[in-house]
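In the two assemblies presented below, subunit A is common to both, partnered first by subunit B and then by subunit C.
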Partner chain A sequence: MAQAMRPQMMGARVSRVEDPRLLSGQARFLDDIQVPGMLEVAFVRSPHAAARIRGIHTEKAVQYPGVHAVLTHQECSVLLWERDTYKVGQPVLANGEVCYVGQPVVAIVAENRYVAEDAAELVVVEYEPVTPVLDMRESILEQPRRVHPEAENVFFHKKYATPGFDEAFAKAPHHLTASFRTNRQTAVSMEPRGTAAMVDAASGRVTVYASTQSPHRMREDISHLMEIPEHLVRVIVPEVGGGFGMKANCYPEDIVVVAAALKYKKPVKWVSDRMESLETDVHARDDIHDVEVAFDGDGKIIAIRDHLMADGGAYPAYPFSGAVGETSLASRVLTGPYDIPHLATEIHCTYSNKTPLGAYRGVWGPIASFIQEGVVDRVARHLGLDSAEVRRRNMIRPGQFPYRNAAGMVYDEGSYLQSMEEALTLIGYEGFRARQAKLREEGRYLGIGISVFVEPTAMASSEAGSVGYESCTIRIEPSGKVTAALGLGPSGQGHETTMAQIIADQLGVRFEDIVILHGDTDSAPFGGGTGGSRSGPIGGGAALVAGRQMRERLVKYAASLLEAGEEDIELGNGQAWVAGVPDRSIAIRTIAETAYTNVRKIPEGLPIGLELTARYLPKRPVTFSNGTHIAEVEVDIHTGVVEVTRYAVVNDCGTLINPTIVEGQIHGGVAQGIGSAILEALHYDEDGQLVTTSLLDYLLPESTDVPRIDVRHLETPSEGEGGIKGMGEGSLIAAPAAIVNAISDALTPFDGMVDTLPVTPPMVLQMVSGGRTR
Partner chain B sequence: MKPAVFQYRKAETTREALEALGTNPGAKVLAGGQSLVPLMNFRLSRPDVLVDINGIEELTLVEKLDQTLAIGALVRHSTLSQHPLIEREVPVLAEAARHIGHWAIRNRGTIGGSAVHADPAAELPAALVALRASVVVGAPRGERTMPADEFFLGYYTTALAQDELVMRFEIPLPARRMGFSEVVRRPGDFALVGAYVEDSDAEAAVTWFGLGAMPERQVVEAWPKGQDERQALLERLAREVQSDDEYKYAMAVNVAERAYLAAQKEG
Partner chain C sequence: MAAVEDRISIQLQVNGRQHQVEVAPRWTLADVLRHQIGLTGTHIGCEQGVCGACTVLLDGEPVRSCLMFAVQAQGHHVTTVEGVTPETGLSPLQESFRDHHALQCGYCTPGMLLTAQALLDRNPTADEGAVREALTGNLCRCTGYQFIVDAVLAARDQGRDE
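Our next item is the complex of A and B:
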């Protein structure tokens, strides 16, 4: 029989247990929750970027047949305000003023959504528009006015410089400057946001179904904001169709739905439609970086100065503003995988009359990579050097780990150089240049773009929760089958598969005999939820620790029942046996039976039953995944349309739990990266109207836009449990930079260099005509 | 994003459909629903009555008559793209239809619906103009026929009266041979700009879409054989059309050039 300690499932390409229900339409999402008598909510939302409210007239809506109630700020005055951090908070229903288009003003509770929307049209709100604040650079100067009279427009400001920065910068032989702009995006999860709430008349407890990434965080927010003790709130997260950081917040609608359920003692539901989703899901990536770089004649980068600005929108999203996450963390990984000794950063996060900024997969990462990889390519072009060679010259060497970067972040061991060299081989970098030159003569413009990334994962405090640890409860049932519960909030990552893989190896039970529970605060142990690429390393770590503890207990049982030494017991395939004597075995089912029903036979010192909870807090505050993406594109210089033609990824996320799932994550992130690079942008007009309110205007990448992606894995284990590193965001961190660098490369004959995300056809045409000598 | 209240009427015959349109001034026709239903969900369109014509057999016909190819208003894009008669007689129409949306959209969307919706960036209205097709319109007063270029009046605007129903399109045969090209951000999108270029014995012409407020057909004496000269002419023609975006002119020239080259292959 196989050695039990040898992992059988960890690292295996196990098919996802989630897929049959998802692919056959059997999964139960929030909108599938039907309760007799359930009411539905529609919101009257602000049509103005900035206006004072002079009056709200709801009489006609109240009288509309089928309407149950109409709520304004008077009826529901909760404030989403993180008082310790910010000077302002957002009222869940507007209080005397509106500060962005789409802000909830009135809630209609009706027998169904159709009626609620009919009645919403009957509400008359008297607005007195005021000048909107829309431009980041102006907002810093408090122009044209303050968004909130009681708070400066700049709500986060920070300066940092390495000692001796100015001197090092000044002494460098070469300098260049560039300004980088990322435009607003949002996650556009396939399943939009939604909340349903109902009160149990007997216990008085409120059950909240929420499409969120963090069940316990949501429970805490509801409890805290609505002043209901936590034990009276149960949050259940059904199947979630994508979160991407966007579902890590508590939103006004969540609170209004709960308030309505409590107030009217009726089940109440709200599900976002796509227009609401584009208008009011947290936006992301609204950043400007004014960058100055100092380097020597060999392309060695000496110093980077960056003025980072982010438009946080009208209010800090609750409980954290994405603007702070995007900038302060970008400033700390701005040197990426490169050994750049000097860094000086200044950050301004500002208010505006736009939708609040929150998290979107990668958060700071895609922006930092766009800057850092853009800088390397600019240095290479400036000096007429090969861009891969400039990367080689600057890369952190294998002997330098643990490496403290110029911002003070400590990188654990990674495979930076190796990942790039292997990716160059994978894409055929050598042969590409000849092909590029030949096709250029035919009037075809191919380009190649390299993006070497670092991905901070498993941060001891992630944006998805205030806790740095994760918890896992394992219960071996009397039948010997296993139920395990975690505090995670998966939204498609496949945790029911990966966590079961980890536990199966530890307990020696069959993978099929394990069920993973999550998302119900009544059954799941307290945890931080899913976000910040923490579920694999921290959640998986908790599963590993819990599994190991349960394994020790099983071994004690087996040793006692088989009358052998603990050190001789092996576990596997649902059995425990004495090493070398497979006949002396006992089924784990029999051990479980003993533990629950034959309690007199329980070995001394062991508790009754087989149930335990373990928590895992990584020792390191963060572990870094890394890798390299290389994109090949073809640019049609006559239309400005870009096609991503080939794509290679070498990814290192430490010890792999399930390579298929890791590859799925990479494919999705690259697809989103193509969206970020060439398609997706939320546009506001000069009045602060969001003009991209449908998927006809907000362009997502489609299957036809995504090429085949060649993926290879490297495995540099972390020092944490299982050697696991996070990897949920690296693909989207790296991809936009790879693609835009490829576009810049294609446009070399025109001197084109991309500085804005996304790159649109008119921008490409501009670069072509701007550089063309007629 | 739910539609306002409306009534639904299923019409079994064109007479029933016309009757319903005639008696309900707020009525709209439901064909494939690919534009109308989203507009209703956004509450940008709020018909009192929806007259469903999907069961009317005669509107689905594709027939070759003496001098024309008749295409029923209810013919789906997927049918246009693979119907043997259309493939043979008007291949450019089949080709254009393949560029509309995705499979699901093409399986529902209809040529009549596309014409009546009159999106300036849509493929089919411009095809009808380029092919010098006629639009046959039914009304309680009887049928009337008008040339396609008189049917389209501007952004989402046609000459169709509220109580009228588009019955079919008649394309004169032999159909004019022409090339088609368009620029899209993603396959299946509405065109940023597109063109049909005719270079036949009958005429030399270009029909633009996505450039102005409606399909615009311009006739020239002949296409210059030299590329520079031809592109200069195309640019001059494009600039006669009022566009909302300056950068579209450069694209328009390139697209028309590609359509011209395609037309040469058409022979």
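Our next item is the complex of A and C:
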């Protein structure tokens, strides 16, 4: 059996099975779902950050030809969140007040979107504006007012300190303070959000097509919020054109679409336009960290105190608030890969009159890494030390695993120092300083920035996963071909490929003979979905466990049919055979035929058929990936424009399932990191108007903004199934810090250190003119 | 309920075939391709002319089908992703995209393919800089572009060898 157990597909650079349909324009995304009689929805949205609603006049819209129905809060009064959790819940259509620009107020259901939008313009809403709450620090102090009269602005507050913190902090020989600001950003999936719903007249069930990361979670949310029993709700997730955490929520529009389909017994669809996306997809990263650091003369960091603040927006997003996710996890992983004994944190999450905060890839991570790596560079500069050397002195050593950090998080084994040393070699750190010095004389400002990251993955309960486990059903069909189903919700990660790789190795069938199903709650076993970098380690683990169980069954069949001992059976290439006697073999197809049709030959104790479901809950509550990013930039001090010129990544996500797919994830995360570091910001003006409502205002990285990325892999296996660690977020966790540290490095002659994400050309120019040239 | 607006009958030549469609004058080419002609490979990403997901070729040149009215496409040859896909299998450029993992969610991919195809048709010796420049009008949120650029350059080299 040893030979066949050797992985063949696991770790291979297999081309994706998803690609042909996507490349030929045959994939079916949400807006491609069209059935006869389908109606489309447009929303009338709040033009005010904060206002009372004095009246809604829909008569003209109702009468507009082609309009089927108009819904207000009276017709659809579902509340996201019960009041006991946060004291506040967003009504899916505004009820007497609006609390952010873009909030849905009225829904128009019409024969097509053009007509729906015409009618939306005929709706008159009488608003009485009130002073918006826009500043996080003021909001914490209940200024200028409460966002919701019934609730304090601060909806989440937490304090933590390691024992002996104050004394350790006070006794340290050196201290510095810094305030870090991350501005609002958002995921911007290329496919906007969308939902379609239709009622099956015969069964009374409602089928909901949802562009979401978590099919079962969406079914639970709809069932719970609309009081429809779960078995009467079917959620189907079509092809999803990007999610990045943003599609892990249940949104007001999802509920309105389902409500309209139920109420009018018609198929109903809504697809977001880009302006709606930027206004109402959950925002992220609206955080301030006031940090104090204590360290010794060698650069060893002794203690960090951090006051974390996050602007959660007008309502807690459903079913989790991004503000809470960003701050609580940041407070627990703030020390990153460093052995820092003391930590004190205080968290304030507050309401404002802005769009609710949710998840965007990395959630807490890009913020915490920005602070952690910014702190290290500040310590290095303060002491006149090389920043790589300061990292070496603080890094958790290989002998320290499992390592309990100052916040009590336990890290499993990783390759922290090794990843940095290899990345330094990869980028040519040694030679860089001479090149930097030479070019500086020519008036060119190059900088290099290091970011060593840890990435907690496969968390027992992550933002997208309502459960800590994942499930996999495997059915070997009578033909010997394999159908497997998981509860995942991929949006480009290639799970149909990677899960088939894992199962192929276990069953000894050809990769091409496996089909992976997902995204339909009628066929997929209950699972948490995709998010929090859980699909590889937990979903892959479930595929592995189910595959192993099915393998055991195949071996029993083969041993019985070949009259051999189970321990002598090997599987591979669609065959089972007796080790060392390849002539004594049986096709898996024949075993399958036996299992379904020749039931008298089924070995004692085995059930009829070849179908089983396995569930996998990792033993550890979390497994940590790690790695190092190093960015080289050139800053034009006359224009403030930053170019990322070179980029190196050494990544360790445990055992690789498919290195090509891992590299694709890394490249994409680095590109998003470039956006996070220097391009992307959602801006509100003083009235609370979002002024970045197109992709001309909210700038995404283009092909010329992203350099070639040199990637190397290390493999420190997890203790979980397959040794797999998650890796979907690490590259975006690490990249912004690497880039801004490089900018700070380039601007060393001007004393500048970046403290804001993103750092835009005007900010660079200010750093240049505000500093002094050495 | 009756349709609210007058529709006119137009002829569109798409992927070498004539289509007679009834359209409202304000309907975009993207919407008509997708919903009247059933070619849903053309994706809509922003309706602001920025993201390039809806790119189609008009007489061989990349255009934003979200910024054109369908009536404006009369008398021109429109090519969509379905039009560059062979009856069986994939085109060399599509194959190259698959070989190089140049797509993840795949939403931007049809527009990418058409922009890249037009570039290689026009400039069969395009270097990396030219490829990156040509693709600046097509946003991808998943790949970081590197594997897309690699795929286009490999397809270029393959075209040279033939």
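The criterion applied here is as follows: the second predicted complex is superposed on the first by the 767 of 774 C-alpha atoms of A that agree within 3 Å, B and C clash if a C-alpha of one lies under 4 Å from a C-alpha of the other, contacts with A are read in each partner's own complex, and residues count from 1 in each chain.
Note that in this section contacts are C-beta pairs under 8 Å (C-beta built on N, C-alpha and C of every residue); 3 or more make two chains touch, one makes a residue touch a chain.
Keep in mind the model is a prediction, meaning the values are calculated, not measured.
If you put the two complexes together on subunit A, you find that subunit B and subunit C both fit without a clash.
In the superposition on chain A, A:702 contacts both subunit B and subunit C.
Seen from the Cα centre of subunit A, subunit B and subunit C lie 40° apart once the structures are superposed, a value rounded to the nearest 10.
In the superposed pair of complexes, A:264 makes contact with neither subunit B nor subunit C.
Annotation for subunit A, partner touching more residues between subunit B and subunit C: C. When the two structures are aligned on the shared chain, A:18 is found in touch with subunit C, with no touch to subunit B.
Touch criterion met: A:239 reaches subunit C, while subunit B stays clear of it.
When the two structures are aligned on the shared chain, A:765 is found in touch with subunit B, with no touch to subunit C. After overlaying the two complexes on the shared chain, residue contacts for A:640 are found with subunit B alone; subunit C is out of touch.
In the superposed model, A:679 makes contact with subunit B only, not with subunit C. In the superposition on chain A, A:27 makes contact with subunit C only, not with subunit B. When both complexes are overlaid on chain A, the residue A:596 reaches neither subunit B nor subunit C. Minimum Cα-Cα distance between subunit B and subunit C in the superposed model: 5 Å. Subunit A residues in contact with subunit B (one complex) as well as with subunit C (other complex) are 114, 118, 273-275, 694, 696, 701-702, 704. On the subunit C side of its complex with subunit A, the touching residues are 1-5, 24, 26-27, 34-35, 39-48, 50-51, 53, 80-82, 85, 90, 94, 97-99, 101, 103-110, 113, 131-133, 135-136, 138-149. Across the complex, subunit A meets subunit B through its residues 113-114, 117-118, 121, 273-276, 638-641, 679, 694, 696, 699, 701-702, 704-705, 761-762, 765-766, 769.
On subunit A, the positions that touch subunit C within their shared complex are 15-16, 18-20, 22-29, 31-32, 34, 64-68, 111, 114-115, 118, 187-192, 239-242, 244, 273-275, 491-494, 660-661, 663-672, 694-696, 700-704, 706, 708-709. Across the complex, subunit B meets subunit A through its residues 1-5, 38, 42-43, 183-190, 192, 245, 247, 250-251, 254-255.
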